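Take this structure, written in structure tokens, and hold onto it; I'll ask about it next.
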Amino acid sequence: MSDEAASAVLAGLDALRGDVEDWYRDLHAHPELGFAEHRTAAEVAGKLRACGYEVTTGIGGTGVVGVLVHGTGPVVLLRAELDALPLRERTGLPYASRAGGDGAEGRAVMHACGHDVHMACLLGAAHLMAAAPGAWQGTLVVLFQPAEESGAGARAMIADGLAERIPAPDIALAQHVFHAPAGYVGTRAGSFLAAADTLRVVLHGRGAHGSKPEASVDPVVLAAMVVLRLQTIVARELAAAEQAVVTVGSIRAGEGANVIPESAELLVNVRAFDEDVRARVIEAVGRMVRAECAASRAPREPEIEHLSSFPATRNDPEATARVAAAFGRHFADAVRAERLTPSDDFTEIPRALGAPSTFWVIGGTDPAAYAAAERAGTLAADVPVNHSPRFAPVLQPTLDTGVRALVVAALAWLAPPAA
Amino acid sequence: MSDEAASAVLAGLDALRGDVEDWYRDLHAHPELGFAEHRTAAEVAGKLRACGYEVTTGIGGTGVVGVLVHGTGPVVLLRAELDALPLRERTGLPYASRAGGDGAEGRAVMHACGHDVHMACLLGAAHLMAAAPGAWQGTLVVLFQPAEESGAGARAMIADGLAERIPAPDIALAQHVFHAPAGYVGTRAGSFLAAADTLRVVLHGRGAHGSKPEASVDPVVLAAMVVLRLQTIVARELAAAEQAVVTVGSIRAGEGANVIPESAELLVNVRAFDEDVRARVIEAVGRMVRAECAASRAPREPEIEHLSSFPATRNDPEATARVAAAFGRHFADAVRAERLTPSDDFTEIPRALGAPSTFWVIGGTDPAAYAAAERAGTLAADVPVNHSPRFAPVLQPTLDTGVRALVVAALAWLAPPAA
Amino acid sequence: MSDEAASAVLAGLDALRGDVEDWYRDLHAHPELGFAEHRTAAEVAGKLRACGYEVTTGIGGTGVVGVLVHGTGPVVLLRAELDALPLRERTGLPYASRAGGDGAEGRAVMHACGHDVHMACLLGAAHLMAAAPGAWQGTLVVLFQPAEESGAGARAMIADGLAERIPAPDIALAQHVFHAPAGYVGTRAGSFLAAADTLRVVLHGRGAHGSKPEASVDPVVLAAMVVLRLQTIVARELAAAEQAVVTVGSIRAGEGANVIPESAELLVNVRAFDEDVRARVIEAVGRMVRAECAASRAPREPEIEHLSSFPATRNDPEATARVAAAFGRHFADAVRAERLTPSDDFTEIPRALGAPSTFWVIGGTDPAAYAAAERAGTLAADVPVNHSPRFAPVLQPTLDTGVRALVVAALAWLAPPAA
Amino acid sequence: MSDEAASAVLAGLDALRGDVEDWYRDLHAHPELGFAEHRTAAEVAGKLRACGYEVTTGIGGTGVVGVLVHGTGPVVLLRAELDALPLRERTGLPYASRAGGDGAEGRAVMHACGHDVHMACLLGAAHLMAAAPGAWQGTLVVLFQPAEESGAGARAMIADGLAERIPAPDIALAQHVFHAPAGYVGTRAGSFLAAADTLRVVLHGRGAHGSKPEASVDPVVLAAMVVLRLQTIVARELAAAEQAVVTVGSIRAGEGANVIPESAELLVNVRAFDEDVRARVIEAVGRMVRAECAASRAPREPEIEHLSSFPATRNDPEATARVAAAFGRHFADAVRAERLTPSDDFTEIPRALGAPSTFWVIGGTDPAAYAAAERAGTLAADVPVNHSPRFAPVLQPTLDTGVRALVVAALAWLAPPAA
């Protein structure tokens, strides 16, 4: 596919940019939790239909797929995610989340992972591609999956018959915004994102009045011992070269100061690039949890529930070389990315559909602010990362970059227009 | 006051017993949190009015006082508490809490501290005293305070003008049910219940994606370090003879597994009998919390808020000797109790009203079950204590004992009837 | 026995005081570890023989007993201890320990528990009693036992036939210096000193190069987890009123920074006044050690060795009343002491010999310094306690008080002189 | 240099093998600590003189250098180490360390790092090179440095004028045995071994009798808190990709169970490949140590002493390519090695002498045992690594491989013999 095709399609970006930015601000202001993205899915479906896509909704709960056929040619699948996170936004932006968890609205919700960026960019790319039918030939499948954060959304769409409901893709593509400077585009062949597992651990103690520790088995102290024990997995049971992360993202026990509660709950997140390391970490979590319960003479065995499991994201070498080459021609700054510890369930889709895949990342931080923080040595403090309540991608060049990358990568496969 | 007066008043107990038990079961099934005891206060006020008390409601929010004047004589104040705890009941009783926190009801609530027992007994005693006007002379003040669990209810009534709204008492009396065998009655002169302080500690970290610990200051790990540090106060900074308890009753941080949260919250409860020990423990909590935050390079100072402070309960020696003597004549098993680590804000009331006071405890556990557990060495496992979700006093002889103790203690002051 | 007898015996104290002080300084400068008190035992035996005692040496290793018979009458046993502690002295005194562990001398040793005070006082009392034969009648047995610190010395003397080698005593008496103001004398009937158990815990890990934690089971981290776990016994598994102390007095693992060692060793000391509490603490130590080893996937079970066990010291009520009365007549400041957490194996001797016993304590701190520290609230920082490398009793009135107390207590039993 | 030269030199290996093995067993049986390698240095010097080297001893304490000049040509420096570790050997070998630390010998010492292998191989290579003067031309410098384990030995030789006392080398070469299968030879250009820093941390508490924790600031509990805190550096303050190791190799506090000691000492070893990571880890150690002391209200600031600092080992790319090529021609199994976390002070020497350098590793484990453990998944348990008290390289093919590698690498530089 020639670069002229990309130029032709992207010629419409100047006119569309304002819409893409409006869509982004609207999606950001109305985040919804996984499998409950009803408003979001309706917005997405409406916008796809408005530019001519044949849209199917409700796949795997709230999933949306739009299909646009332009003559004969390869089938390219582009994927974005619908869901947001249960976080209280602290960006102070005028378009900050209106789901603040106040009043009758329930929990606070926030697009703190950039799925709003992904959706706005994919809607933009879908519009541009639809508006330039003379530039390409083939089939474009734009897929908006639910519930990426829990690792269940891609599987839900597959279980709901995705393979039978869309044309079989020749390539599946997806992108993710993160805290690199806006304008950055990067990918790498092979191992890219980590596998991730989430474990829910319930530690059973024995409740008592707060003044009667001797009548209790204190689950708060037990939970603290477990949290510290878990630090020794990465620090002592893995080699320096065996990259893994063990995060206790949530700890909860008790309601009041003067009651020793009955139990404590931990949510544990494990990241690893290697299956052997992953297995050893999960074994260690179980071993340590059980032994600490024994040390506390817990009256019942702990519960360890495997809540979710994300596969490692591995980019097909050949397909990724093609995407990287196209990026290299289009972007000044496209780079070979390092491995990243976050995870994504995107891989489930090409795996189920039998297609090769490429995943890439784009930057979302104001480049000047990034450079200043880098000079000051305060990157960690000053540049909010994904899942931070202060995560706030700058609109541009973030959105432009995401639109461009999708168009450029898709056109690396789609056939030239019939002569 | 002669023992014949007690016999005369308590002659009505056989007929009233069914009502007292019904009141207890109804109160137990409808627990309400502190300062929200609207139904409870209305029930209590109605029952007092029904037997002739002049009733004032809404003192200090939801507090209720009933006054019954029988000629000239001493003024005796008897006190009970209206509030329940934010706990999900696990007793399986037919009259278990209907405030289960399901549906639209909000949080689960439970009378797990026995305030329902205290109310039913005080209503029973109030009825019996009213029904036997010939047996005594003086003024009976029955006071039902809100929000004992937070240590704020007694002070709220005082701040709302309690002293000006009731006759000045010559003696203030209160009782508490606990996990001793039902039938047990005990008191002691001097130091009886511990002082209690509740601290809310907020530990500020820095949030990040769960796979990026290096971008975070992990408040979950920090909280675990603090919890373990706090164990060393009682274990290492106090002498064996300096009795104190430091309980972290609640620990909360994070919503999901894959987000390192911004902060963690601990609720810490401190018990001590001695002012010097109390001060040293509170100093140590602050020192340790601040130092652990420094070790974690926390970006902000922790917040340490003094949520509540219960005074130590000290029984007036002379008044308590009189109560103990009356108990000794009436009960086969009245004993000199040991010091107890729970706390109560009852002391605020006699202190504010300038009256001496006596506090006593009664048992609530099935005596046969207690004896069996004692033989088996399983008291801690098998006998639920106050604030346990399984705390379930047996109806009898618990309620009879509570009614009798109130009547007997009150009559130790009230004048004999005018000839 | 009349107080004149005490006056008659103690009339010699002014003349003897310089000798007692010299003996004390010499003993302090030449400390020896338990069962190796060869020089100390020889000094003691020589001084006893010099004033007429019939002396037996080598009982239970290095134990010494001197017997002085003055006609017919009760047999009174007075006991002191020979051994010192493996500590490097930091008092800066001119007569500080010469066993500094430098050069070929082996370990540093120090009289940091006051056994040198006890010996000097008992030698002084023995001389005064011998020098005043007209003041009393009966048999005086002065016993210097080895190895009190390990709890093995009294048992060693008993196992070596003590009962057959000395006259059966009618009363056994002992004293201990501690950090109260010098001049203080105190005792109490019943429970006085705690029982003490010493456990040696060996935690087996797996050694490796310091850069290869993944090849190791790190016993240093395991030992740290165990130490923190043990803090929760007193803090969470005992009631506030159940007095106990769990001290890890020694932790040892590894020789160099870059080798993860094979194992770690802890020495754990447990104090309790109550047999049930003692048993629960020892069970908890074993449970926690084993569970923490399991959490670390230790390749071998830990070793838990019961190194020593001191009985609780309980004073015979009748005998102690007699001693307290004599103290009350002789000393201005004799008081009823509180229970103390230290332990002593003295009780083994009267138990084995079938005699009642009384144990008392005397102060050793400069009274002015003590009062100043008390006013400043710096007692803990400024007044070194037993087993501190800065423990340094002032010579007077400490030594005078100890001599007087022994004489006064002994004469409370010994018969008046034959007319 | 042609491979025929290597064949010519190594033709003598069959005859020399028995001597090399004897030297190894003798050196292994007589290990000596750093800067005290008097017997070892004498043995080495004698053997070098015996085959014609001009030997200088006592450089930097106990360092030995032998120089052999064969006509004109490049100068090649080969380096080995003299020192052993303070470990008690547990191999059970007939030639196990005779420095067992018993009797008057002082501490147990063991060649657990393979320096005995390095010395025996370098002596063997030196003999073979000296015996084949017709095969090469140039100058061979064989250097045996003291005290590698403390990181001080290479610097001591440099400070003692090494540069002025030997011919300036054109290349510096060194090797290390580790737990790969014997026969293995591997190297890599660029970053190879980690930088290593050793910190001695003294935590000051306050001593007291073991029964008086309230009079103490317990340094054992403080040390345990520090050890657990340090685990959070690798687990939480570094990214998964930032390879580092923090090992507490030694923890020491207290002598007896019933004395709370005055202080505790930790030896902390830090490994990192990157200067920024290294600096952040060392900062974190200091921060955490100081904060934990504050949490314990330590009476004095902790002492943190930088005992040693090993540079990272980086192989010169060009020189290493030449060595790797020569290995590739000579050995069937020469491989490109992975980065390794151990450290070595070898780099100090070429840095001071201005020469490029190459470092390589050889295997020392019985290949059959290694393969069996690999199949069983028990490598970590069954194959002792360097610094383990069970580290026991098999004599062959370990020693042959080490001799061959030194000869082959040296001859990659030395000029062909003058025609």
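Order as written gives the chain letters A, B, C and D; numbering starts at 1 within each chain.
Note that a contact is a pair of C-beta atoms (placed from the backbone, for glycine too) under 8 Å apart; a residue touches a chain by one contact, two chains touch by 3 or more.
Treat the numbers as computed from the prediction; the structure is a model and nothing was measured.
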Subject >> Identity of the chain that, by mean CA position, is farthest from chain C >> reply: A
Subject >> Pair sharing more residue contacts (C-beta pairs) when C-D is set against B-D >> reply: C-D
Subject >> Computed distance of Cα centres, chain D from chain B, in Å >> reply: 67
Original post:
Roughly how many whole angstrom separate the Cα centroids of chain C and chain D?
Top reply: 49
**OP:** Would you pick out the residues of chain A that each touch at least 2 other chains?
**Re:** 194, 211-214, 218, 221, 225, 228, 231-232, 235-236, 239-240, 245, 271, 341
Subject >> Touching residues (chain side chain B, partner chain C) in the complex >> reply: 194, 228, 231-236, 239-241, 243-246, 271, 338-339, 341
Original post:
Considering the complex alone, what residue numbers of chain C touch chain A?
Top reply: 211-214, 216, 218, 221, 225, 228-229, 232, 235-240, 242, 287-288, 290-292, 294-297
**OP:** Spell out the residues on chain D that touch chain C in their complex, using ranges where they run on.
**Re:** 85-87, 90, 107, 112-113, 149, 194, 196, 198-200, 206-215, 218, 220-221, 223-225, 227-228, 231, 245, 247-262, 264, 267-269, 271, 299, 307, 340-343, 380-381, 385-390
